[in-house]
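Take a look at the structures below.
After this come two complexes, each holding chain A, first together with chain B and then together with chain C.
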Partner chain A sequence: MIVEFLVAFIFVLSIIMMAYLVRHFVFSLTVLGILRRKELPAPKNIAYEPAVTVLIPAHNEQRVIGRILQRMTELTYPENKMQIIVIDDASTDDTGKIAEDYARRYSQIHVLRRSKNVGGKGKASALNSALGYAQHEIILCFDADYYPQKDVVERLVKPFSDPKVGAVQGRVTVLNEPQNIVTRLVTLERIGGYRVDQQARESLGLIAQFGGTVGGFRRTLIESLGGWDESVLAEDTDLTFSVYLAGFRVQYVLEAECYEEAVETWGAYWKQRYRWAKGHMQCCSKHMFKLFRSKNLSFKQKIDGLLLLNIYFMPVLAFFLWLSGISLFLLDFPQWINILWGPVQISLLSFMGNFAPFFEVGIGAYLDGRKRACWLIPLLIFTFLYNVLICTKAFFDLIVSKIFRKKHHSWVKTTHSGNGNCYIL
Partner chain B sequence: MKAHKWKISHLIIGSLIGLIMSSAIFLSHLISEESIIMLVIFNLLFISLIFPLDGPLSAKTILLSAGNIIGFAWNYLFYLFLYDVTISLKVRFDSAFIIVSPIANLLWIVSFWSISLTTLSSSKTRLRCET
Partner chain C sequence: MAPDQTITTFVSLFFGVSALILIMFLPALLELKKPRDAGPRNITENNSNPMDLLPLQSIEREEKHRLDNEITKRIVEIIAALPNLES
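Up next, the complex of A and B:
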């Protein structure tokens, strides 16, 4: 009985794992130009330059807030069409002071200070508080540790000329890549995610993901959705699916690049990914059934959405698959499992580096001309193993919170050292 | 964004070489079925994703051949090594082989993939932040 159960379990999980492997294989072929959907006529030379509001939520970001505010004053977008709101979210350091200093010098910069009573509850809460102060229809969002290219606003607002575009997402790359092995591996993850994954999903007309930063959305749309859901830790994924379910789409703009200060320690990596994993799992339970019932999504978008919503469960399942496989081999096993086991192992172990397989990360690095970065691909196996632990803990914590009907999940902020400043030319 | 042309001639030649090498390895009966499956997966990924990239066909052909030879040697030596280990530790060979062999294969496949891309990759430095 146990053997039959394990065989069935392994078989089902193997199919799921291989579905992900095929998905990433298709993505890799797509960015290489081998698979591509029919090109839509690109809106070229459109004089579309709307007024925009830029939101910068910041909680204890004194080491990096000056960097992004300085960059905001250097953007090529017309100053009179920009309203920049820094949300000082109950900071206990000099974040507010530095922002106020910039606000005094530049008329387009404004500071919204949140007291300890109402602030410090996470990004979604901070963004909701600023929504009422935003004057313009197009709202862009940047995290405080980011450093955008000068014409990023032009590139991000252009897709909004299409009324079906509800949100846009730009590309995230790592500023402090040479710092240490953690930042180098995060760089590879980002390459796989943004150079291949997001670009392929955009090209294939699937679910391009809004990443919460280096992106924008329509104010009326977010208001009609009731603002950000403060109970969800991954407010970006939540917004992505809300946008698609509302009949709009997210457009990914590869050329709109912005540098981030990546986490520098394994401890910080754990905290950040734990929040992402838990938030993503929350989104899965929130949107899964709505996704299937939606009439605004095509069949392929539903399949892609399903795979995207469940991606953080995969390391957990990989862990159980591995245990089941070993148990089965030690007990007894049907011969056909032998044949299945090899590809399954390739599939599950290829969920390394933020779940992009090694070949996808490699293709991304190649397309970016990152010759030296390719050498580090084998080390992504460690981030995969680390993610197995992170996601498994997030999964069990979420189950416990569901059992005890705990609705509030504490937001653990990623600390930024400001070390990325030395990499700015 | 520079468009990457699909080098169909490279793909056809790569597929032929992959087919010949896989057949030769299969007919040698020196490595297990599981190892042959891993080599087929390696060939499939390598031919479909590396051969369309820019770079001379000769380099790609050498890399593909080297990959197959390394994969074959790796699996053969691993088989012999594990056989000795299981005998000395008195554990079941088939179970140990099935559990460990995919990981052992992944080690050489990912490393070889990384080396191949480095070989083919252009050394151009990426534009940083602004041009």
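Up next, the complex of A and C:
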């Protein structure tokens, strides 16, 4: 009975893994131009240059806030069409002071200070507080550690000339890549995610994801959606699906690039990915059924949305797959020599699903002209194993919080060291 | 299975897996030891096509026309080559 159950369980999990394998390969072939690309309609008004509000939420970002504000003053977008709001979210360091200094010198920069009583509750809360002060319809968001290209605003606002576009997302490039092995591996993940995954989803007319930064949205849309959901840790994923369910779409703009400062330690990596995994799982329970009931999405968008919502469950599934496989061989084949073959076969089965995202990373690096970076791809096996632990913990923590009906999930901010400054020429 | 065959299988498996791991990770170790990768991408800046910002609108037909890129480039080259008459 137990053996039959484990066999059926492994079979089902393998089918799910295979779905992701196919997805990743399809994405890779799409960006290589092998699969047909969806021709996007050209923006109707190529002189579209609306006034924009830029939101920069910042909590204890004294090491990096000056860099992005200086960059904001160097952007090529007309100054008189930009309103830049720095949300000093209950910072206890000099973030507010640095921002105020820039606000004194540049009229387009404003500072919104949040006290300890109302602030420090996460990015969604900070962004919601600034919505009321935004004067323009198009709102762009940048995290404090980011360093955009000079004409990023032009590139990000252009898609909004299409009324169907509710949000846009640009590409993220790691600034402090040479710092250490953590930053180099995070870079590979970013290359796979932005150069291949996002671009393919855009080309195939699937669900392009708003990443929460280097992106923008329509103010009236976000207001009609009730602002950002402060109970969800992944407010960007939540907004993505809300936009699509409301009948709009997110456009990914590969040419709108921005540097970011990647996490530099495995501890910081854990905290960041734990937050992403838990937030993503929250979005899954919030949006999955609405996704299938929606009349605004095509069948392929629904399938892609389903796979996207469940992506952080994959490492958890891999964990249960390993446990089930080992248990199966222990129960079914008691001879000790067969136990050695069990983990090997299970690993091969799991790696089938893992090699596909690695292929994406390789293709992304190749398209970026970074062939040597591909040599590091095998090390992503270790980040995957690490993600298995992270996502499994996030999964069980979420189950426990659901059982005990705990609604508040603490937002653990990623600490930025400002080490990326040395890589800016 | 005889014990000798079992031991042989075990040893072969051990060395085989070790070789596979070494082959898999050797390039990564070499790259970490002596990095030759180009490093962070240089984000291109100000690559906006100037024509994207200069549409001409026909008053009669209310159509938008684009300047021919080649003509505009030549005009810009000519202007750049002209001496500064004000100095």
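Simple rule for what comes next: the second predicted complex is superposed on the first by the 396 of 425 C-alpha atoms of A that agree within 3 Å, B and C clash if a C-alpha of one lies under 4 Å from a C-alpha of the other, contacts with A are read in each partner's own complex, and residues count from 1 in each chain.
As a convention for this text, a contact is a pair of C-beta atoms (placed from the backbone, for glycine too) under 8 Å apart; a residue touches a chain by one contact, two chains touch by 3 or more.
For clarity, every value in this text was computed on a predicted model and none was experimentally measured.
In the superposition on chain A, A:G362 contacts chain B only, with no contact to chain C. Look at A:R370: by the touch rule set out above, it reaches both chain B and chain C.
Contacts of A:K150 after superposition on the shared chain: both chain B and chain C are touched. In the superposition on chain A, A:L55 makes contact with neither chain B nor chain C. Shared-chain residue A:E177: touches chain C; no touch with chain B. With both complexes superposed, B is the one of chain B and chain C in contact with more chain A residues. In the overlay built on the shared chain, the residue A:L330 is in contact with chain B alone; chain C does not reach it. Of the two partner chains placed around the shared chain by superposition, chain B is the only one that A:G33 touches, whereas chain C remains out of contact.
Using the contact criterion defined above for the overlaid structures, shared-chain residue A:P378 touches chain B and also reaches chain C. By the touch criterion defined above, A:F25 reaches chain B but does not reach chain C. Common to the chain B and chain C interfaces on chain A are residues 149-150, 255, 257, 259, 344, 368-370, 372, 375-378. Residues 1, 6, 9-10, 13, 17, 24-25, 27-28, 30-32, 35-41, 43-48, 51-55, 64 of chain C touch chain A in their complex.
The touching residues of chain A, counted against chain B in their complex, run 25, 28-29, 32-34, 147, 149-150, 254-255, 257, 259, 325-326, 329-330, 333, 338-339, 341-346, 349-350, 358-359, 362-363, 365-372, 374-378, 381, 424-425. Those residues of chain A lying in contact with chain C across their complex are 46-47, 49, 76, 149-151, 154-155, 158, 173-178, 181, 187, 255, 257-259, 337, 340, 344, 368-370, 372-373, 375-379, 423.
Only residues 1, 3-6, 33-34, 37-38, 41, 45, 48-49, 52-53, 94-95, 98-99, 101-103, 105-107, 109-111, 113-115, 117-118, 120-126, 128-130 of chain B touch chain A when the two sit together in their complex.
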